[in-house]
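For reference, the structure I am asking about is given below.
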């Protein structure tokens, strides 16, 4: 279970993670795109994190926190990831509307919603070398009835990492890098990487929160 | 004594000399000016040399050859050296007007005229770190009654070289480099260098011609 | 690479601030959004409103083309990043007169998504009719069969000029859209890259080329082109690029084109005019007439080295639009 | 440095060729001299003829400023080298109408000698009265006491604009000269260099700066400036340069100036507008009003990195001249 303060803290932590990985994400984006992915992530999450302490200061609706953060991210960055993330957060937010704390099932629903939201705007299939190659594996595990609910996030994290690494061996079919064709082989997708980092931050925070509430 | 064909050949040789020293002259001009002196010399002398074989093909008036070459040089390069050289050649030409071959005295008169011409336009004093620091020493030797006429050019060449080298230790007071003040110390003046090269080519040709006519 | 800036994170804000102050008689900012720019007299005349935009770093594109005879407003993104929907929406709201809003932008994933969202917001929340023209002039970015995937580069200048003049001349929304699409379908561009630019935030070159290499078909953000070659003569490069454009457009003898030689940032006017010299003689050889010529920095990639050629096929409807006057902070035609 | 050219020895000829073809409705060449450029309708109106010129490599300066409201003709030198007298003489002959010829050029040894010879030739051989205005706006190039030794840099744009407008408006030869001199005496400029350019013939950088260095007061051909510093913020540089200019001009509260932020070649519009932003606020702080602003590449040093600030003190006589329209291949004001 995650409480509203921890939920907010998660957004701030995501900002720190992106800040730490800014250069790395730019480096990944240079051979494949325009070399700005780390900058975009850092700008977007900085705005989100600042807004948590400003507009959202007194807010305790986790759904509202998520949807507002999505819009804040979008307004700060535009870019391709802006609309993708915004759609993810808005769709995820719908599933946790007016909740002040989130159960494991709420978190699962949030992420399934998030993935649906991104997917609707993305148009990318599995294997197209985008953030979807991290999100689809997460979706699969979160829906996997054969895995006990309480360990699905842990499994999903592992699957997300596999998905991220698999992008190295894919030819891009979406976004800026899609014009590279075979020249995109061998490089890990920056958007998949930042999505993995986000999910990983999320799982860490959720685990910490769960332990704190035991 | 120099004949009209040798006189023409001298202009072509000067072109070769400048071509050979193009990079070197640019290099000298970089710390002191805009790095183009070799280019300017090469362009100017190329035009002169081509004109010897075109417009001046049938010309055998050594004065006309010199004055036309001065104008050709000017039209090809402009720059600061264009007017200086042009004035030199025009003034020198006056002293060898309508001559088809030139005695040692003619050559001496030509150079004294040349120096006067440059000087009029230059406004530079001795020690100002310009081509005048090569021309004044030449002038002095050519006028030096204590030296036998037939060896004055040889002595003048030596004085010219000293003059060129001395520019290293001068602070510039004329042209582009004059704004450098003390920062111009330590660098040899490109215009003095190309003037020495020209004079040296001249003395070599004159000596060769003299030996050929012995 | 060296940049004369204050803080990498505030370059766009400071640029906009300076821009608005320097040209206050032509352009204004909007309180509603710091990334919206509009014409000082926007909305004062009943006409179609033309809104342009995209990432910054391409100056004069896009914000430099707001003014009489060009765009009514622009949305300014972060460097090389599409602006979000809000500044597009606000610029449209502030300039429209009920005669429709035409959005023009280059075909990049980010722009397509953000401008697309802006269209939705305008129609749903604001009841303003908005349509899009997506510029796809870079023939090096995809084959003719996949023309829908092509990126937008310098040719957008012609498309914006056409739209701005058509709107100014009082054409209906349908006609402005039709004419703008006509320009869009009849413009083809291709570029060559010589040296990279760098983002202020990273300072890293956007791509790496050896001292004797060039990249034919390089994109406007340093996206790889169609081939990497030894740097050859300007004539050779010009011939290569121009032929591809002519073939792609199916240009025939007696046809008329306007020409744009666009510098990417650090390529000199001297080099651009040398290229134009060859373009002119090659077109003449092929019996193709030049209607009007533009040579200069019209859409840059910061300090990137390189340039592009764009041809716009002219007809009797487009000619008066290309000839029409324009008065923008970074472009004046009289 | 990479250049997209054909033959280093023919860059100027090819540039002129392309330029004349691209803008044949505004400018013409002359049979009498391949380095002369004149307005298409030069000489058709009885007025003072304004002739400009200098080395090439500074495009748009100088040939880009031939046209209505600016110069009647220009003489184009080799790269960074004064033109010889002939093209100056021919441009003057082809454009003068008997009302006098005003030659404008920057204060460089070569230009002084060559234009000076042109004046002599015009008066003696052609019986055409010619006068000179020698631009000396670069305050970094000599102290105020030695102001006569100062070089001409980007401020020449203002001087040319003044002369062109005054001539167009039918002022007498005396008045055109007086007004042009007034602009010349009231313009001050200073620049900063970040990265060198290279001559096509040598390919060698014109000067060397470390990755973290800049040169304050750098000249237009890479001539050393007044000091070499660590590259700091744009604000810091702007403050430094602007203060020097204000002090040198003795500018006081309530005075009015026009501002030109000039890019040297590879410095982006983004950087220029960031600089303008600070210039505007510093002038405002000091109670100095900005009349009109120009931001862009007005006088370059090929692909050099850096920029300069120029201020022109305005008065009621100069204002309408700066406001007057102009239509040149590389500069249009409407």
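Per-chain residue numbering starts at 1, and chain names A, B, C and D are given in the order in which the chains are listed.
Note that contacts are C-beta pairs under 8 Å (C-beta built on N, C-alpha and C of every residue); 3 or more make two chains touch, one makes a residue touch a chain.
Worth saying up front: this structure is predicted, and the values here are computed from it rather than measured.
**Student:** What chains, if any, are shared contacts of chain B and chain C?
**Tutor:** A chain counts here if it touches both chain B and chain C, which gives D.
**Student:** Within the chain touch network, how many edges lie on the shortest path between chain B and chain D?
**Tutor:** Between chain B and chain D, the shortest chain-hopping route counts 1.
**Student:** For chain B, which other chain has the most distant CA centre?
**Tutor:** Between chain B and the rest, the longest centre separation is with A.
**Student:** If you average the CA atoms of chain A and of chain C, how many Å lie between those two points?
**Tutor:** A distance of 33 Å separates the two centres.
**Student:** Could you state the distance in Å from the CA-based centre of chain A to that of chain D?
**Tutor:** 54
**Student:** So how far apart, in whole Å, are chain A and chain B when each is placed at the average of its C-alpha atoms?
**Tutor:** It comes to 75 Å between the two C-alpha centres.
**Student:** Centroid from C-alpha atoms only, then distance chain C to chain D, rounded to Å. What do you get?
**Tutor:** Here chain C and chain D have centroids separated by 29 Å.
**Student:** Where in chain A do residues touch at least two different other chains?
**Tutor:** Touching at least two other chains: none.
**Student:** For chain D, what residues touch not just one other chain but two or more?
**Tutor:** none
**Student:** Looking only at which chains touch which, which shape fits best: line, ring, star, complete or other?
**Tutor:** Graph shape, chains as nodes and touching pairs as edges: a line.
**Student:** What pairs of chains are touching here?
**Tutor:** Applying the touch criterion to every chain pair yields A-C, B-D, C-D.
**Student:** Sort out for me which residues of chain C touch chain A in the complex.
**Tutor:** Within the complex, chain C touches chain A at residues 9, 77-86, 108-110, 113-114, 117, 141-142, 149, 151, 199, 201-202, 204, 206-207, 219, 221-224.
**Student:** So in the complex, which bits of chain B are touching chain D?
**Tutor:** Touching chain D: residues 23, 26-27, 30, 33-36, 38-40, 43, 74-84, 121, 174-176, 178-180, 183 of chain B.
**Student:** Would you mind writing out the residues of chain C in touch with chain D in their complex?
**Tutor:** 2-7, 11-12, 14-19, 21-23, 56-57, 59-60, 64, 192, 194-195, 211, 214, 231, 233-235, 237, 259, 265-278, 280, 293, 295-297, 300, 302-303, 305-307, 325, 327, 330, 332-334
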